[in-house]
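We call the chains A, B, C and D, going by the order they appear; numbering starts again at 1 in every chain.
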Amino acid sequence: MEFVDIFSYKLPIAHLIDQLTNWLTTNCAGFFNLITKGGSALMDFITNGLLFLPPLLLIVLLTIAAYFGSNRHFKLPALTLLGLLFVYNQGLWTGLMNTFTLVLIASLVSIIIGIPLGIWMAKNDKVQAVVKPILDFMQTMPAFVYLIPAVAFFGIGMVPGVFASVIFALPPTVRFTNLGIRQIPKELVEATDAFGSTPKQKLFSLELPMAKPTIWAGINQTIMLALSMVVTASMIGAPGLGKDVLSALQHANIGTGFVAGLALVILAIIIDRFTQKFNQPIQAKPKLTPKQKRKHRVIVGGILAAIILVLGAGNFKSLTQKAKPTVNLGYVDWDSEVASTNVIAQVLRDQGFKVELTSLDNAVLWKSVANGSVDAEVGAWLPTTHGNLYKQYHNNLVDLGPNLKGVKLGLAVPAYMNVNSISDLNDQADKTITGIEPGAGVTAAAKKTLKAYSNLNDWQLSTSSSGAMTVALDKAIKQHQEIVITGWSPHWMFAKYKLKYLTDPKHTMGRSENIHTIVKKNLKTDNPKAYRILNKFTWTEEDMESVMLDINNGMSPQKAAQKWIKAHPKQVKAWVD
Amino acid sequence: MEFVDIFSYKLPIAHLIDQLTNWLTTNCAGFFNLITKGGSALMDFITNGLLFLPPLLLIVLLTIAAYFGSNRHFKLPALTLLGLLFVYNQGLWTGLMNTFTLVLIASLVSIIIGIPLGIWMAKNDKVQAVVKPILDFMQTMPAFVYLIPAVAFFGIGMVPGVFASVIFALPPTVRFTNLGIRQIPKELVEATDAFGSTPKQKLFSLELPMAKPTIWAGINQTIMLALSMVVTASMIGAPGLGKDVLSALQHANIGTGFVAGLALVILAIIIDRFTQKFNQPIQAKPKLTPKQKRKHRVIVGGILAAIILVLGAGNFKSLTQKAKPTVNLGYVDWDSEVASTNVIAQVLRDQGFKVELTSLDNAVLWKSVANGSVDAEVGAWLPTTHGNLYKQYHNNLVDLGPNLKGVKLGLAVPAYMNVNSISDLNDQADKTITGIEPGAGVTAAAKKTLKAYSNLNDWQLSTSSSGAMTVALDKAIKQHQEIVITGWSPHWMFAKYKLKYLTDPKHTMGRSENIHTIVKKNLKTDNPKAYRILNKFTWTEEDMESVMLDINNGMSPQKAAQKWIKAHPKQVKAWVD
Amino acid sequence: MEQLEVHNLTKIFGRKRKAALNLVKQQVSKTEILKKTDATVGVYDANFKVKAGEIFVIMGLSGSGKSTLIRMLNRLINPTSGQIYIDGKDVAKMNEEELRQVRREKINMVFQNFGLFPHKTILENTEYGLEVRGVAKEKRRQLAEAALESANLLAFKDQYPNQLSGGMQQRVGLARALANDPDILLMDEAFSALDPLIRRDMQDELLNLQEEKQRTIIFITHDLNEALRIGNRITIMNDGQILQIGTGEEILTNPQNDFIKEFVEDVDRSKVLTAQNIMTAPFTTNIENDGPNVALSRMRVEEVSMLLAVDKRRQLKGSLTAEAALKARKEKLPLTEVIDKNVKTVSPDTLITDIFDLIYDSPTPLAVVNENGRLLGVIIKGRVLEALAVNSSEA
Amino acid sequence: MEQLEVHNLTKIFGRKRKAALNLVKQQVSKTEILKKTDATVGVYDANFKVKAGEIFVIMGLSGSGKSTLIRMLNRLINPTSGQIYIDGKDVAKMNEEELRQVRREKINMVFQNFGLFPHKTILENTEYGLEVRGVAKEKRRQLAEAALESANLLAFKDQYPNQLSGGMQQRVGLARALANDPDILLMDEAFSALDPLIRRDMQDELLNLQEEKQRTIIFITHDLNEALRIGNRITIMNDGQILQIGTGEEILTNPQNDFIKEFVEDVDRSKVLTAQNIMTAPFTTNIENDGPNVALSRMRVEEVSMLLAVDKRRQLKGSLTAEAALKARKEKLPLTEVIDKNVKTVSPDTLITDIFDLIYDSPTPLAVVNENGRLLGVIIKGRVLEALAVNSSEA
């Protein structure tokens, strides 16, 4: 039957998209580079400026601005002061400033694109019919999907972060500009028409002022969504609070993550309250006398000048600082990688390099090494865990071989469970294996295991995330329940809880793996010294676990790395010679 | 300095949050469990209902609904039809249904909470002052932060997914309900007041109708945000398209991820367009006459009843499937299976059975036979093609042995090609074997073949789909080009084109296979007569091909089956006696 | 206690209310106060009482506070100070529930800006007040349709307000309030957008309804003729203050100051003043007592050529001209035989406008007689014209 | 070609326009058409021309299509069919840019529902038209303030529309249009919310402006007195159709059908009719020629006791009573010496209402003289009253 055939033929959309991305990456590289350079220059400029002022001074200045901005009420300044002090107190100041820059730029771009687009939509039903599904697309296409093209286009950092944020955050501004203008009473539109207003006059004297409350509500949503994208943006290397959140969560430190999140919320509330000033009901503002107006103008001018001055100064300072060759290390924010990356970073620093650490989502990280936006990473689990990524990118990067041999994947259970081998499993733990991310290597291995062992054929694998898995584990252990997890070591859970690997007679969980160092293709020519050190870097599971332990006990990763280096001078010397 | 000290003391917020979460988890477990149970029961109910209908039927029904819902315009139904067919075509139907359930529930919960809250905010400035920062909190606190508490509270699955989605998606409904009500012209509020309306009357007769466009725009945002949370929700085990996206991206399969994302977008657009119907300008709707109103009510009532019926049926069926005196045959929508299934179905019908035919994805089909939702299938290719499925499920089903012996897998080429054995292949057809689905048995065999024959070690297997393969074959034959395909028979292509199997000296393509009948475990006791017939059912490749040919020539499968049965009375008699 | 009493009612708009109040007490003008304090005096120290069944009309310059005053009566505007008693209860002190009760049961309003709901059809708009009161669906549809019928809008009942002309919208507002049948009806320029014909109809309608059922109506209008036609009493406001309250005639004939005088200047007095207002004492002869000589001498004394003939009970019998009297004397006839019985008469409340038709070509004055036929006075052309003259010392 | 010409202008609201058009051609009533087709006849087949400088008043029942008609003139409503020529160009066929130009330069409007911008102050509202035309900031402020001043609202210039009373808002709308100084002004019930005093002021203002600069004004009103006072011509509409076009007097004295008769019934004729309309031929004596005997014989013939004295050029010199003539005859005085020079005179366009004051206690008739002192006629009390009578055969 012909009909049946049509449906068994799957449209090759996926393939087309891959090709399109490739085509864009290769053919529009110049254009993307331009945007990337310009964008990061601008954002660096702002962030540097913000970070130039001592935090406490900036906090005080903002509080004063809030005081005058809110007509000398006390709520907004109090909120500003306490909120920012809290962020500062929690050590999240730098993150906050980075995030602020990201959100500021993303929101501005969204507003600058969104309002005209919304106006156009409001005036033209055909445009509306076309734009609406595009907006739906932008809001519902999962960010994860365009993160990788974003990296392909813009590398890693703030710029792709802004790109991703704008895609998600733009629609509300457009939608509500459209709605606001369409809701304007007909008789007022008639009044402007009757006087022969041009579309522009109509827009500025009637439509925008009347639609203002609705448009501002849209902009508010845009800002909120831009803030909500901060974490996602951090997966492609945008610095800021998102990173703090992500890193806390990879370790299932709910509290720490919450605090970083809280800093975001504080930022949101302060931005919201500051922008609310623009969104007062039409007639609430008292009419200014010319004198007041002049005063107003002087104040606003002064503030702007001050801002520009500070930004300029900050950048002047940072410009004069740059000199050293940099090495850009990427890592996935897992305990083991944090340990190894910090150690090698510290070693490189000690050798006079400026080292930038970027925590990335795993797939993004590989992509970044492959396209050279990251110089190296020291946490490639091969051949199994990251095997497929390796297969995909191996032509575009250099594998320097293992730096740590014999890590392990396997099914693990709490020690109190009365089972030792996978083939002994029958109806424990509701016949469920608690897994991590669906795409992880260990997940694939677990799937294979389910198939291979006949005693597991009515078991299921419930995938979630590493964080979720450790929480589930914690919960089970607290309640002394049965649980089977997909485990891998080195991992702190083996230090924290009494766990045991189940033996795997069929070896479907994969034989033990190694952790490799991979570097971008031309690192050897670009930065031979760093290449040499990275190439020589190799240590053992015990080394790594000692660093991990220190970090887990509350030492900062950098301190822990320094401590380990101090304690192992010979070993380090071997790497750098 | 005392001052500095204060700042060097980091407030232990993180710790407090950890403790709070722990406390909640241990102390409110009963409550959370209740919600979890109730929630998942509800959502299973809906998903079962949705999946109960054959996808194509549901698509057609939705298209019809769209047609009538959009006042007989063609845009919405076309969109619905093509969009859903695309999703179905891409094999994302189940994911779509699960996602739909998730988004539906999350949106409903958001609306049910959000609108009253928005109303309250609009009426009371103090409530607004309190709620606004909470909304800011909900939108900017990164989902990742509360994913883990969500898992701690609700475990893994749909319920925590809904929880996370609601937190993120609720605010727009609240905000825009608030905005909409506050924007109502003062003179209209005065008019209601002057008549002594109660707050409730005012709400329903003035405020909600007038604020409707704005509220709906808020709800639209809520739905969009709920959809954007689908991927995040999948991190804590919520089934649906999010999983597909996530899994594709873990492997950096941008294209596949994009397609899954596209399915989300399609869902978004369809939902958006359907809900837009509620959001028409106030006076656009023509006034209905009482008669039309009655008709309207009957239609709406009918649709509701149908929905409830289907949902009920889906669940009733899944609850009581064994009680029915019907025979439920499953099949994969391939030509050979359509032929055999229809023949045996017709035979059973002639014997007085009610036969239900369900076309299923292959894996689903095996799973369905294993869990008893399908009574039998007559298209199990063993031992090779469906070997792994058999291995997985063989304990839970009964294999009645072959109903057709000696089907064949192998590499096939058009007869005009000058090659007869696999070992003769050298550089034909661009050294490419055109394969079918990556997971098919014949694909696995072809891979094995590539490895086993040294002359093929620089050949590649290009997997696609059965449909794509036949298209490629057709194209090649038309252009008289070389092509090597993974073939199997019976298949109509052997009737249509002159093809030949290549001999396989190393037997890596598997020796010839048989098509088995498999039935659910207790069919023998449940329905001994059907069991007997199925058990006796056996025919030949020619039999099958004659039926396939008829179908291919445009006869309906049922008719073709009837024709064959009429022509082979003795053979059939042997089965039913 | 009257149905509605207002004591010392004041409303100041704006922030610096105290300062504005002080200034207004010092008789500073409204614009001056606005300049100085940014506060507007809406209403200042209003006092009046309205009896049940009365139609109380408020007039005044644009911006003089009429709407503010009327909107304080059902507390759509909260008074700055003062009391409003409706049936003895102070509206200004009511809590929400009491207020709602009063608005629902007692007092309804027709808005200056119509206040129609754009999302409801005309019929639904008209039903609104009834719906709020919980009247059953069938009943309320019936009442609303009746109200629309009498506003001549039934054909449009399924349209939306924006499909109607301004005057039609105003009538919907009217129908909405009337359908509700309240004790007190506040009408803020309720007829302003109506053409003369429909306006007259609606006025008649209102007066008819008023005969059937005694409603208390507070009515703002800018049309003095309308005010005089339907109002039992009229109050004139300026700059937020009440200048004068009185019947139409009082105001017209006895304006308390120049402002009011100017204000009422334009009125069509012929539609307000009646025979009663302009009649003069008649020169009569009692034909039952008097003979021709008495009559003739009387004519001579009074310098007239005609007397009205009455009997002992001052019933008008006819008119007696000098010629007729001479004839009677000559022919010795009794006066009853010579009088001209065709005297044109009018009742005392005949409007001047209706007198024109009778008098313009009448050689004799018109006689004013009451319903019992008793002669009250006469109307001469000069008096008619004098009454219509604005600047005559007394009208 | 006149400044404004309207040919066969028709507007049908709703979907089934064709069907409605057919029905209206068959004289089916508007409500009937609404019931049958759900379409409303706004205006049907309107034809008229307006000269530059003319004030053209439109009246008619509520819902008769006045606003629809006026709003088609600047194409706020697109006509269903017909042509509108402004200075010879068809507005109905203009493209957007041309239309904008016309609206900006030639034609402005005062809206029935005011159409003020709630987010702009009164001053900004008033400036709007000028702003659109690109008038420089200082200049436009000046013009707007002048317009507000003449609307007596300057004190409120920094307030917002919702802080003003209905009438004040209406005046802002008025000021906004006037500030713009357009050639053609469309005024849709522009004075409806104003009190009599301010209304009179605004009418005067309009007439004054009209003297300064000849504007073409299309004016909708429900007030016949207003229409008669300011309108050069009046048109009366009903059910979307124009029934009659003519000067006030024509309409008043020669209503084309009963509907119009009823429509104008209520009008205060004393404010419409002038001395000219009611004067009668005077009985005169040429004092330069005639002697006392001639005069006396004339009086006898005409049965009057007084003549008006004129000279050869019919200039009014005074009045001559019978006594004075007798005295002249007796004392041989020329008539010029005995005439009473205190004759009350009025000009031919004095309104009757202004005649009341002069005539009611005047023993002599009033003389009507033109600006050159030439005697045109006399006014006697009886004629005044006759003119005010509605049902007199000729007014």
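By definition in this document, a contact is a pair of C-beta atoms (placed from the backbone, for glycine too) under 8 Å apart; a residue touches a chain by one contact, two chains touch by 3 or more.
Model, not experiment: these values are computed from the prediction.
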Distance from the mean Cα position of subunit B to that of subunit A, given in whole angstrom: 30
Where subunit A and subunit C are represented by their mean Cα positions, the distance between them in whole Å: 77
Per-residue multi-chain contacts in subunit D, two or more chains: 113, 162-163
Chain contact topology (line, ring, star, complete or other): ring
Chain-to-chain touches, reported pairwise for every pair that qualifies: A-B, A-D, B-C, C-D
Residues of subunit D defined as touching subunit A within the complex: 74, 76, 99-105, 108-109, 111, 113, 115-121, 128-129, 131-133, 158, 160, 162-163, 180
Contact footprint of subunit A on subunit B as seen in their complex: 7, 9-11, 13-18, 21, 25-26, 86, 88-91, 132-133, 136-137, 139-145, 147-149, 151-152, 155-157, 168, 171-172, 175-176, 179, 183, 213-214, 217, 220-221, 224-225, 227-228, 230-231, 234-237, 242-243, 245-262, 264-265, 267-269, 272, 333-335, 338, 388, 391-393, 395-396, 464-468, 470-471, 551-552, 557
In the complex with subunit C, residue positions of subunit D that touch it: 13, 31, 34-35, 40, 59-68, 112-113, 155-156, 159, 163-168, 170-171, 189, 192-200, 222-224, 262-263, 266, 268, 270-271, 353, 356-357, 359-361, 381-392
Contact set on subunit B toward subunit C in their complex: 187-188, 190-198, 201, 205-206, 209-210, 282-283, 287
